[in-house]
Every structure is written in C-alpha cells, then in structure tokens.
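You will see chain A twice below: alongside chain B first, and alongside chain C after that.
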Partner chain A sequence: MTRISCAAIAAALTALCGQMAGADTIKVGVIAPFSGPFATYGTQYRNAIEVYVAQHGNKAGEHEIEFVYKDSGGPNPDQVRSIAQELLIRDRVDYLAGFTFTPNALAVAPLIDQSETPTVIFNAATSSINKESKFFLRTSYTMWQVSEPLAQWAFDQGIKTVATTVSDYGPGIDAETAFRAAFEERGGKVVDAIRMPLSTTDFTPFLQRVRDEKPDAVFTFLPGGPPTFTYTKTYNENGLAQEGIRFLGTAETEEVNLQGLGEAAVGLTTAYHYSGAHDSETNRAFTAKLAEMFPGAVANWSSVGAYDGVDLIYHMVETSGSDGPAAIEAALGREWESPRGPLKLDPETRTVAQNVYIREVERDPASGQLVNREKGVIANVGDLGWTR
Partner chain B sequence: MSTGDGMGLFLNILVDGAAYGMILFMIAVGLSVTMGLMRVVNLAHGGFALIGGTLAHWAGQDLGLAFPLALAVAMLGTLAIALPLERLVYRRIYGFGELQQVLATIGLTFLIIAAVNLWQGSALLPVPLPESFARPVDLGFRTLPLHRLVVIGSGLAVIAGLWLLLDRSRFGIRLRAAVDNRGTASALGIDTDRIYMVAFGLGALLAALGGILGAELLPIDAYYPLRYMVLFLIVVAVGGLGSIAGSFAAALGLGMIETAARYLAPDLATIAFFAIVILVLALRPQGLMGKVSA
Partner chain C sequence: MKSWLTPFLVLALAGAAFLLFPYNLAFLTRILIMILLVLSLDLVLGFAGIATLGQAAMYGTGAYAAGLFAVHASGNPLAGLLVGAFAGAALALVSGLLLMRTRGLTLIMLTIAVASLCLEAANQLRGLTGGADGLRGIRMQPVLGLFPFDFAGQTGYWYALSVTVLVFAGLAVLTRSAFGLSLRGIHESPARMAAIGVSVYWRQVAAYTIGGGIAGIAGALAAQITQLVSLESYSFTISAEALIMLILGGAGRLYGAVIGTVIFMVVHHVAAANDPFNWLFVIGALVLFVVFLVPNGLVSLPLAVTRLWKGARHARA
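For the complex of A and B:
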C-alpha cells in the first residue's frame, strides 16, 4: 500500500469522524409516571416536549436530540433508581429529566453525581433535593417559593388572622411551615394549624372548625384531584366564602382539574408561578400549538415545567454537547422567556427564579371556561426555602 | 355557636357524622347485596359505581340533561352493562373459590378503569347536580347543604326498600333460599339463574346510585374503584356479611367516629378510624350483625 492511499484513507476516516461528531445524537431520558393514577403528569410532560420539538426542531446546535421515556409509576424510589441506572448504562443517555415526586428525585442523586449527568427536575418541589447533587437543575418551583409570597401578600391586603389546613404529608407540612413563618414574621397570627389525614374524604369537620374560629382567611395545601374538589365544595357549601373567610392556596386550582371544580372554584385566590391564561406572546404560542397538536389537552404547571426544562436542555446541549459539568456551568445564571414569564436559573439554588402571580379564579367571558386570572405579581422570587 | 362549647360540638359531630355515615352506606350498600347476600367477592363493585358516575357525568355535562334524567340514564346504562356481564362473566365467577373471585373481579375493575380512562380521560368527572342541592339549609344551630339531607333521605329510603324487598317479598325469600342451597332451591322450582341475575342487577344499580349521590364527597374519576375499595370493604366487613342492617349500622357508626375524631383530634382521625375497625373485627370477626357460619 502506498503512502498516498494510506493518507487518503486516514483523511477519509477523519472526515467521517468529523461528520459523525457533527450529526451525533444526544439522548435525554425522561422518567415520569406514564401509567396509574398519576399518569397525567407523564402525559403533560410528553405533550409539552413534543410541542417544544415541533416549535424548535429536533436539533440543538450541531446535535440531534432524542427523548427516551420511562415509566416510574407513583412515588417509587427503588424502581426509579434502577430505571435511571438502565438509562445511563444501557441507553447511554447524557441528560435525565422528569421527576414528579421528591423521593424519586432523591433516589437518583448518587447516580448522577457519579456519571456527571445534568438532571432537570420538571416538578418535585422540595427545596432540599438540589442540595443532594450539583447536577440537579429545577424548572418547576418549590413550596416555599409560592407559599411565602402568598403569606406576605395576604398580610399586606389586611388579612391578619389565618387558619392553616394542610394535608398531613411532606409537601403539606412544608407549605404550612413556609406560610406560617412568613406570615408571623410580618406580624400576622396563625390561629389554628390543622393537619388533615391524606385519606380524608369529608372535610366538613375541619372547615366547620375553621368557620367557628372566624379567621380572615384559610390557607390550604392539598394534593390535586379529588381532595381539592371536595375541599372547595365544602368550603363554599359550609358558607366560609359567605362569612368572608378568604381561601388562600397554591396549586389547588391547576388547569387540568379546574373545569371539574365547577362554580365552587370561582373567587378562589392562589399564588402560583403559572396560569394557563398568562397574557404573553410566548404563552399564547405554546398553548395554541398544544391545542393544535393534542386536541383537548390543557396546559398546566407540569406542562410548563417540562417545556422550560427542555428549553434548558437544548441550551445545554447546544453549548456543551454531552459534557455534563460544562453543561451545568452553561445553565447557571441563564435567563430566558418562558410561557409563565421571565426565568433565571439561580446559580446558587439551581432552581429557577421566577414571578409568582396572585390569581383569582374567574369564568372567562369569551370561552366560558374557568381560568386563573392574574391579579398581582411578585417579581423574581428565588427558592426561598434554600436557606431555611 | 362555636365548636368550643360542648353542646354545639356534640350537635356538629352528630349532624356531620350522620351525613358522612349515610354517604358511606350509600356507596357500600350495593356491595352488601352482591358480596353480603350473594356471597360473591365482588371487588368490581367500585367499577359499577364508576360506570354510573361516568354515565351521569356524560349525560349531565356532555349531553346537558337535567339531573333526574341524567340519573335515570346512568342507572339504566349501568344496568345495561351489568346484566350482560352477569350472564357472560359473573355466572362463571359464582362457582370460583374466594381467591379466584378476588382475582377475576379485580381484573374486571382494571378493565373498567381503562375503559373509562380511554373514553373520558383521567381528570375529575363532576356530576352536575341541581343548583338547589348546594343551597345551605338552616338547621337552627348551623347550616348544612341540601345535598347532605338528600343523601340522608335516600339512604333511609334505600334501607326501607331493601328491607321490604329482601325480608318481606317472595323475591327475598327465593333469593335467600337460592343463596343458602342452590341445588335444593332449583329442585323446588325456583329459577335460580334469574334470581341471581336480578339480585346482581340490584347490586349494580345501588352501586351506581351510591357513586352518583356520594360524588360530592368521593368524586368520580377513572381511579375511583381503587381509591375507595378499602372503604367499601370495611363498611361491609364491619357490618357483617349478608346483613344490610349491619352495613347501615356500621356506616353510621364509622361515620360518627371518624367525624368526631376529625373535630377533636384531626391528626389522629385516620388512626382512630382504623383502630376501631380492627377492634370491632377482633371482637366480632363475623361483623356487627353477621351470622356465625355453621
């Protein structure tokens, strides 16, 4: 073989390698509930991801992006750990995403530390998760982030006494602690703190007790779906609204189940980071595309958590490819416009700093649907639970 | 009047306990018929309640029918699904052992859940009630939504109707004969297949009615049967198999106890509920009014 042909082959190989590097595929493993009672989360994530891909194409810079979806069922840490392991080792994913429940996210912390895999949390809202690994980034929110501004806003509105009623589990207790701390710091008084068993089906006793205590408002945290439905009905039917005891909540009026709550929801006040009715160009483009691609689908906070998470992943892939530590570096401090409003990935907490909106449920005159109408905004709130 | 004063608290517990207990009775009475009287471990009971609730949601919300019409559509629709199921599936299940009955009926439950999920999705499926049901009724010392009074009234009507039907009618005598000894009953000229079918249909109808009337407290969604299965089973087990009156007493008693616990010690309400259930079943494994099997 001559020297020239050797050189030619080498040149051809190099060119080929170069081309392959240009058109390489970066895989993102999405771990979320796609079956069982929490399957709505998985569906919301997947719809949002597909909308994002439809809007932005499947290429980030030089790299093609491919999503691999894995079902976690409910809160299932052991299973999630093995799914993550499989994704990292067998599927060779470079990014992980999803995570609806706190225990599921915590379960993968040692793995992603070892493999240096940037992991974007679409939902799980406990502040401390991000302390477990510096490869965790969060595009949802934390309980403190929405509960504390709500408490401060309520106090400024002249609400001086509050009874808290929260479901007796991790997020509920977080919400109670956050609200109480912020409300009492301002000088408000929490007259009663009721923790309601998770299995509660009849909220009448709790709400009757609150009614008799006559506070200015009742703060609550409930898991979405049936408990929220029953609670809000009971709140109205037992005359708490009539008595002028204001309802203060956070995720209770999320969009997927909002129509199901019916008239009972009108007037409920919540502080939250996303409303499907948020008035901006980006949000209108997002919700319109979602409705076009998935008729009947409704955007809620979990859709937007996934949508922004994917946006962040695209940014990391574009700047750093599959280099985990560099990708994290590129993500920290990034600012961008989301359907919910302006976002900044806070370099310290690695959770997005965002606007928290005070909303009231109204019936939209044009569509006849119930919407979370934004009435006020507290700008650029970071994860207030980080240093608590 | 506040919960702080003893009399007011007592009345609150009494009223809310009765309302909650009656909802428990309404959602469990159908199971009391199929599992209690017919002795088939019917874990698909919640499935029939879900079918009823989903049809009522569809008829009321999507078709825009008034509540009484939607209720009728839902009950008849549930019956139209339950009777062929009895003929094709349950007739075989009656002869199974208990474990096989559990497996077969839970399988059926999953099928119903998947079907509802496919048709209506997994979000809440509210049943539109007449506006007046939400209106508070003044009881003198406090108010109660009319809906709760309607449920209390329906519960009383159901237990009276069942007592007449099962204890005082020829159908009741035949049903009890067919359950106690099917062969002999059949030999005496009782059409046991037909009796079973009617009884099963009755169970499904009551499940649908309970699902719809209970939906204010136990809202309908695709996972309804799994969410509340334990609750149905507890009411029937504590009441005693085969005893409608037992289910009634159990539902009211458990409703009162849980409500009292929620007023007095919210943190302990669930523990109190299950502790009482364990205590009752430890002392009377056959339930409050169950017959001791010979």
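For the complex of A and C:
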C-alpha cells in the first residue's frame, strides 16, 4: 500500500513540477485570521500586501510572486499545522508568512525546519518563537522590545514608582514581566502588580486601588478594542491624570481603534514601533496608497508588519529565488527604510532591530483626527527578550 | 449477512482517501482525531443521554497529559496514548461523580464550568503548560519503533486511522452489550430503568468515564501529531463543534458520528479554502439545512429514502 501511494505521490509531484518550471512563479502562503473575532488582522495584512504589490509590481527580480491566503481563525495550532503542511506539499509554496498568535507560529516550526522554508512572522510577539527554527524571521516586534525602552524612558523622566495593570493572559503577563524587570533594574519600584481578568468590563476597582497607592505612573497592557476604551475612560473619570499618575502603555492607542477612544485618549503616553503619523516619505507613500486603494482603511502596526514582511520576501526572492537557506542568508543583516523608520534584520535574533518611539496622543489640527505624535525616539532597539 | 459490509466500505473509503488526497493527509488526520472526539460525545450524549457541552475538558486533559508525558518521560506514542486515555478517564470519573447527580440545564452549565476551570488552570500553570504560548518540545519516537512520523503525514494518518478503527470497534461491541443497552434504556427513561433495578447513577458515571477516556485518546493523538498543545484544546468551540458534528450526522448512532464529522470538516475545509474570508456562511447554511430538513441527522437520510422506496413497492404490490 505504502509503495503504491509513494508512486502516486511521486507521479503527481512530477506532473506539478512540470507545470511549475515554465512559469517560474514563487508562491507565498499567508496564514492569518480571516474569519472570526480576529479577522481584522487578516484584513490589515491583506490590504498591506496589496498596497505593496501595487507599488512594486508582482515581480521580484525574474520571479513572479503569488500570494495564497489561508484562514487560521483564532489561536489554533492543530489547524495551522495542517494548513501549513498542505501549503508546503500541495500548493508547493516557497515562503510562509502571517502568524498572529504565538502557538500558531510554534506549530509550524518542525515543518519549516524540515522543508527549509523561510517564514516571516507579521505579528506574534513572543521572543522565544525564533529559537524554535532558524527559518523564522520576524518583521513585527517583541514584547520586550517596546516594554523595556518604555521603562527606561519613564525612569529618565523622573518616574520612580509605577503600578502595573495588565490583562491576565499570556501577552499581558509577558508585558508585566518585561516592564517590571527593566524598571527595577534601573532602580525604579513597582508598587503594585495587578492582573485583571480578560473579561473585565468595569476597571474602576483596579484604578481606584492605583489611585490610592499614588504611584508616579500606571503601566498597562490590554488587548485592543473594548477593554481599552473602557480602561482609558475609567482612567480619566477617576481623575488619575489630575492626580499626576501618568499613563504608560504600548499598543493601547493603535490607529484602528484610536478615533473610537475619543477625547479621553488625548495625552496618553505610549512606547511603540509604529505610528500612523510617522513623518517620512515612505510612510506618507504607504498611507496614501492604502487610503486610495481601500477607502476607510487605517494603517496600524499589523499593516506595517505585513508591509515590511512582504518587502523582506521580495528581497529574498530576488536574491535567492526558492532556495530557502540562501534566502535566509540574504535576509540576515539586511537594512532598509520602512514606513516606521529604519529597520535592520538582526542576524542573531532574526527579529528586526528598529526605533521605538515615545508618543503622545494629540488631535491633529489639520485633519481633526487623533494621532500618535512622536515625542521621543530610542534608536535601533533589538529583541531585548532574546537572552532573558 | 450484511453486517460486515458497512465497516468494509468505510475502511475502503479511508484507504481510498489516502491514495486520492496524498497532499491532504494532515487534514484527513485531523478528521480522524475529530471523529474520535465526536464518538466519545456520541457515547455520552447519544447513547447515555448525558447532556454535555464540556467534552473539551477531557480532550484537553488528554492532550496536555500526553504532551507532558512526551516532554518529560518518553516519546513512545502508544504509551502517550494510554496516558492521555487515563488522564481523560480520571477527570471524567472525578467530575462525573458530581455531574451525574444533576440533570438538564444544570448539567450543561456544570460541564461547561469544568472545561473553563481546566482552561484557567492550564493558563495559570504557565511553568508547566507554557500558558498561552502552548506546550512545546514534544518529540515523538517512531510508532511501534518502526514507523517514524514523516513530513507528508503518512505515518500520522495510518496511526490515527488504526486508533480510530480500534476505538470504533470497541464502541460497537460496547453499545451492543448489556451495558450499552442499559445506557439506551437510561436515555429513553431513567425512571423505568431505576424501577427495574438498574443503578442509573453508576451506569452514567461509567459511560461518562469511558467517554472521557476516548476524548483523552483524541487529545493525545492531536498533541502527538501537532507536537504542540495550546489552551485552545480546552476551548468551548471544540465542545460546541463536536456537538454540531454529532447532531449533523445523527446522535445515538456510531456511524452518525463518523458521517457528521466528515461532512462538517470537509465542507468547512473546502469552503475556507475557496473563500478564506466569508466561508462561515456556508457552514451556517449547512447546519440550518440539516436541522430543518433531516432532524435525525444525515445518517438517517438513506434509511428514510429506503423506507420510502420499500413503501412504494409495497403499495404497488
């Protein structure tokens, strides 16, 4: 039975290879959430990819590039692994990309190791993913990469005591650990570490407790969407800002949900690697093209993760075609200009080293929209979580 | 005379699927794992009439037990399966002692609660389970020391198929035994069964425990083949989807579990592959269609057609 099936597979593969040779199309499999509560990620990736293709054409060097989209739904490693297997064996993709959730990325590690497929992570932010396979490249960020500069900056600003309030789930706990370690190493003090259940709808008790403790600032990490709306509203209503307790966050004021936060968001301080209002030629070209192609779409960190990821894939295809190990070699150490600023793919951690910006939410006088205005920059931050 | 025909046909189809879809083996293996889970639910809900929406509790526990066993003790797949089965059965037994004292909505709520408790426990025990990142580092030895897990998933497929066939056969025997018949009786009328001297409570605990063991095996298989266990194995979605598959195929029939799972997963797969953005509509339409037009599940479709045909023949004669 096995022998017959092997023969069948071999025959089918030969037939496929025959087709492939003439066209020289290199396929990129994009695994991301396109349905369910996390579908925004998929939409952001896809828009960014299409913008990139519209700007640069569908050819990298002599090779034509084709994207194959697959839906992962939410965190679902079983499904993602079988999708990846299918992409690699049946669709014969040469590159994989996407990956919003850490377990989904981890699930493909043994596969891409065996098939030597360069895999570009657009989002998943746990440092240790890249240790599982040397074919992982990451164009997003890691939790440490933004939390530690924030701790550094806060300490330099004279903030000596902080209360942390994070949602009680994986990324929240990672953010708490990273911020706390970095802040205390520098001599700051975390007076209280509060973990709030993911389903919290009323943050008053937590923020009241913070208010009573009178720290210099409150660090927070929340999943995007409704919790952030409620949290920032409660932060203002309970007068923490008036008490002089500063708000320190990361992705809370990301662009897709920013307008929804309303006046309550003005003055919130965050440290992050991308602001839609970043002042550069590349960013203006990117956001203008995005607005032109998809009216109503807003660029945020997941768009730019995908945009830069595709840029990296184009670079690898141009230099190495479908040769996986050579492509990785070509990608490592590459420096380029992204809409977020200068990027360098760090050869050791295989995550991009990038500027982390300290931003404050402002109402832009010209457009009347809320924007993350960059007030400070910590240049060339690598993945600080790699050696932790 | 024809009792051997159906299993033979199903096995032949499984073999044919292997030859016809050599690129989809990973997906076919997922179907097999899901069939196991739905079979366990069929025993618990379809046969014993225990209303549950928390079968994922035993599935996830089996997955984590097998995963931890592989990481810390041994990569032997069969030993891992036993560990998974034992863990699933143990959880079902312990929770079942309490759950089987309740009925109806209370029971449903409590089964959901058990799964949520497991989920939160796994989330909190990050050092052990890896929390939201998932349990990694599962490396499996070859099955029986002979067949290493390969890239295309051939070993995984045959391994999962063998386990599924064995479990199915075991359940076929079990449901035809006196014990199985008493479960059916309990499903129809617990009061009457009690009146003829059957200990309804203990029979239900036993059925729930066996079902838990099978769900544990399904979880263990998933852990061994994906080489990663995530918190999602405890998710409500898994329990709910298993229930939809069972109702789709027809509860209380072993083949119902198989047919429902295959149809649901294939439709899901094809729809999601063709339109990764809007495929949920197709699934919704399918479920509505079956619930309204074939309320007993797809397994009753040929029966209904045969009856209709026979009826027509009798009418003519």
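As a convention for this text, the second predicted complex is superposed on the first by the 365 of 388 C-alpha atoms of A that agree within 3 Å, B and C clash if a C-alpha of one lies under 4 Å from a C-alpha of the other, contacts with A are read in each partner's own complex, and residues count from 1 in each chain.
As a convention for this text, a residue touches a chain if its C-beta (ideal position, glycine included) is under 8 Å from a C-beta of that chain, and two chains touch if they have at least 3 such contacts.
What you see is a predicted model, and the numbers here were worked out from it, not measured in a lab.
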Simultaneous placement of chain C and chain B on chain A, clash or fit: fit
Contacts of A:74 with chain B and chain C, given as first, second, both or neither: second
First, second, both or neither for A:102, with chain B first and chain C second: second
Contacts of A:380 with chain B and chain C, given as first, second, both or neither: neither
Which superposed partner A:280 touches (first chain B, second chain C, both, neither): neither
Touched partner set for A:82, first chain B, second chain C, both or neither: second
First (chain B), second (chain C), both or neither touched by A:199: first
Contacts of A:35 with chain B and chain C, given as first, second, both or neither: second
Touched partner set for A:114, first chain B, second chain C, both or neither: second
Chain C versus chain B - closest C-alpha approach in the superposed model, Å: 6
Residues of chain A contacting chain B in one complex and chain C in the other: 36, 39
Residues of chain C defined as touching chain A within the complex: 15, 18-19, 22-27, 29-30, 33, 123, 126, 131-134, 136, 151-154, 222, 225-232, 272-273, 276-280
Residues of chain A defined as touching chain B within the complex: 36-37, 39-40, 168, 194-202, 204-206, 208-209, 212-213, 225-226, 229-230, 233, 236-239, 256-257, 260-262, 264, 296
Contact footprint of chain C on chain A as seen in their complex: 1-2, 4-5, 8-9, 12, 34-36, 39, 42, 69-71, 74-79, 81-82, 85-86, 89-90, 102-103, 106-107, 109-111, 114-115, 126, 128, 132, 169-171, 173
Residue numbers on chain B that touch chain A, as the complex places them: 1-4, 8, 12-13, 16, 19-20, 23, 121-126, 128, 134, 136, 142-143, 145, 147, 216-219, 221, 223, 226-228, 231, 258-259, 262-263, 266-267, 269-270
